[in-house]
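Labels for the chains are A, B and C, by order of writing; each one numbers its residues from 1.
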Amino acid sequence: MYPLETGSFAPRNHWYVAAWSSEITRSPIERILLGDSVVFFRTTDGAVAALAGICPHRGFPLAKGELIADEIECPYHGLRFRADGACTLVPSQKVVPGACRLRTYPVTERWQWVWIWMGDPELADEALIPDHFEAKLTDPEFRCAGGNYFDVPGRYVLLHDNLLDLNHVPFLHKGTFGGDGGGAIQIPEVTSGENWISCTFTQPAIDCPPFLVELLSYSGLVSRKYVSYFYAPCLHVILDSISALDAETGEAKPLGALLHIHAVTPATERSSHYFQGEGQNFSHTEPCLSKAFRSSEMVKAALEEDVSAAIEIEKSIELTNGTLPEILLLADKAAVLGRRMIQGLINQEKTAVRG
Amino acid sequence: MYPLETGSFAPRNHWYVAAWSSEITRSPIERILLGDSVVFFRTTDGAVAALAGICPHRGFPLAKGELIADEIECPYHGLRFRADGACTLVPSQKVVPGACRLRTYPVTERWQWVWIWMGDPELADEALIPDHFEAKLTDPEFRCAGGNYFDVPGRYVLLHDNLLDLNHVPFLHKGTFGGDGGGAIQIPEVTSGENWISCTFTQPAIDCPPFLVELLSYSGLVSRKYVSYFYAPCLHVILDSISALDAETGEAKPLGALLHIHAVTPATERSSHYFQGEGQNFSHTEPCLSKAFRSSEMVKAALEEDVSAAIEIEKSIELTNGTLPEILLLADKAAVLGRRMIQGLINQEKTAVRG
Amino acid sequence: MYPLETGSFAPRNHWYVAAWSSEITRSPIERILLGDSVVFFRTTDGAVAALAGICPHRGFPLAKGELIADEIECPYHGLRFRADGACTLVPSQKVVPGACRLRTYPVTERWQWVWIWMGDPELADEALIPDHFEAKLTDPEFRCAGGNYFDVPGRYVLLHDNLLDLNHVPFLHKGTFGGDGGGAIQIPEVTSGENWISCTFTQPAIDCPPFLVELLSYSGLVSRKYVSYFYAPCLHVILDSISALDAETGEAKPLGALLHIHAVTPATERSSHYFQGEGQNFSHTEPCLSKAFRSSEMVKAALEEDVSAAIEIEKSIELTNGTLPEILLLADKAAVLGRRMIQGLINQEKTAVRG
């Protein structure tokens, strides 16, 4: 499906962000991921359980059930399931049918997220999750605040397109990020490798953006450099470094850096999960910039602009019966590379023969 | 369609509950039944008229029209139709075209309901409606109060599944019926015949449920016996008998019985009509238990739990593209029998040759 | 599609009303017309621009963008387009790709409307718009007030059916127009020519309708004559002339005439745009009858009755899977002629070979 090949949706043998760690508690929640209903909860030891979300008996959604110790009880007929998918109780009979069990999904917690593997569990190697250190996500010098979540009625590739092309910032975010010099119109330098793309672009000399003046205790000329990292098929981290610029000598002295963090996970063919957070490597005292920044009206409005772009383009696709003629620009290089990378991951799975 | 065979919806040559008798008045109402729009009203002699609900001239829904004596007037161009389907007036011309008439549906009133025959009118024999005496519905010793109605966005077989398997009571109705000992986890004794299924199960010794203590003027040990009757393809009556139990002698002395009454009629392929009432054979003085019971917050909440089960499972079916893998338990014997019975009625019609 | 032939939607090589002139300003608006998204705005010289509404780069709806002088800026990446469809700026690169341009639609302003040509632009001859003088729309003796607009979730032919058959007035508008003698049940005299249909019917002697008594400064017997004009495929004008009638001599003396003005333009296959206004040739002083009349609660309620007829019949079509059996009456002559005329225009285009 657009903008992928006909019949292509999303690669399954990869780690996807399923939820903020803080979202998974002793109250089960359901999330539709790559078309599957998955129920999440924590067992009493704090581990995350991820199970098929629909009871195999009669199809009732398990997330509406309660936890009995480490088991989830189907609210319809009281069947209980362990975190390993085994059914431990069918109240109306003594023997549990052998087929009565739930598919389990490999999960792990990294950074502030619960990651899930939607494909073949035997291939679910946690080592396949990059350490994301290069992008500073796991650098202890950065203090990060996550928690933004959007349920987006638009296909996931539209969100990747958006994140892989920051030239939209001065326009789509005219009234938010775009107004403070947050964006730059230029063809970024694009590099890529196996399952990753990186884009770099710089603003050599701009006035320090208003929202940073107070926090950096600096006003005046700055240079700003963005390095964005896309870890296919899910994560984007943008390292946004600000340096004080001596107008006379041209010397740049680092003031600090922000991290703009986004994860995108397919829900259904036409809807997506969007997780967003912010980080910083300076002013590690209260008030936390990244937390204040993340929850600021400006950032919320900017995120809603990004979400609305996906929603609006999804509507255009519907109006044009599932296809969308498009003209690609030089600045779309990274986005096009991203689509090809995702398509490649899908095609790999189609042709894969298990060893 | 699930859980029936592909292409199967509902048998037509049967009597279905179309409405509470009290719903049909001099103000026409439309109800979609087995995919057909039907308009209902009472003629001046009190008889129920059931006609195709869409004007044959231009497709306007007749239920938005007014009655002129015993005729319904199409609100668009004023065509008038008698209860026998004949068009008596086309205001703009003198001659009524021969083809301008409405299909009529055989109807009859039994108990507190209007029943309708959606199939071949020549086969519509009122004697095919069981007398329901065995289930006490028509036993004059029982005083009944109907009137609950739900328009359910879920396929009708899901409601039958629910009613044919009372093992859901302690779980789905945990906070309502289930809390007062109203349910029992056990494999019922199932008997069946042509177009009917009966399930029996007993609670040999429980404390009298709180809501009955006052009305039965009894507190203490009781035995409770449920006998449910399914009259395919529409009606369920559950006879719920309570006896005082002498703990020492084991002697059981009848205190009274309740009737839980449910009718299920297909609307469209994915929606249903659900009619519910309550009856009792004791305390035939005001306040009427069954009426108070029927309209109590507890019963309403319990019914909404049943309705929500159908809605939630319908969503699961949609998520899994119209099929729903399921594991059948011993306790599903009656539900499976019910599905087979309905499928059998459909198949009969497919192969039937009119005599 | 009903009531046209399978696969037929709407003729494209015709002028359609796209908007009230007053709707098109310096704030762009989007309107879906014959399935296409079109963005409208006025350039600084006041001319109307009508362009494909979806950016050819990434599919963002342009109507959410801003005008920069005479160009519309895509709110996503800042591409700018002139009213002639040319892309003048791609902010991220120096060269504008040749294919990066917007389809333009011929438009013209006539009476109080913006008209659009959705087909082959080379065939867009403004002379094809009738002068509508016969129907008094452009007669300077008539003072008109437009502005009513309805976005109707029903196919456009249903609105034409409605307007070509005024026998619905006494019934559908029982509580509005119908109550004041506004309608007459009769088979109108129908004449037609190339792309037009006219219906005439008269009320020889009725009491002056209450809402006219004050404005015509007359109470008593009147004769009323309706002449309706349908200019296929879009416009209906109904000339409604009232004459004082001398009961003794039978002499009729003109008191004045009203114009009831309606334009219908297909949006999608199952939705339509409906534009409505009123005119008069008397009392050309404030308060303007036609303006007061147009915005009166009675007229609004009557229009909503017409709109609701289209909506209700659209629902009937959906219930009967896209077809709708119907019986045609003598009074449907004009409506049937209208459908045939529209079907003929569609068929003409299918077989047309460009000269």
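Note that contacts are C-beta pairs under 8 Å (C-beta built on N, C-alpha and C of every residue); 3 or more make two chains touch, one makes a residue touch a chain.
Since this is a predicted model, take the numbers as computed values, not measurements.
S.K.: Which word fits the touch map of the chains here: line, ring, star, complete or other?
M.R.: Shape = complete; every chain linked to every other.
S.K.: Can we say the copies chain A and chain B touch using the same residue numbers, with more than half in common, or are the two sides different?
M.R.: different
S.K.: Please state the rotation angle, between 0 and 180 degrees and to the nearest 5, that superposes the Cα atoms of chain B on chain C.
M.R.: Rotating chain B by 120 degrees superposes it on chain C.
S.K.: With chain centres taken as the means of their Cα atoms, state the distance from chain A to chain B in Å.
M.R.: 48
S.K.: Specify, in ascending order, the residues of chain B that touch 2 or more different other chains.
M.R.: Not one residue in chain B touches at least two other chains.
S.K.: Okay, in this complex, where on chain A does chain C touch?
M.R.: Per the touch definition, chain A meets chain C at residues 161, 165, 167-168, 170-172, 174, 185-187, 309, 312-313, 315-317, 319-320, 324-331.
S.K.: Touching residues of chain A toward chain B in the complex: what are they?
M.R.: 32, 35, 37, 54, 56-61, 64, 73-78, 90-93, 97, 99-100
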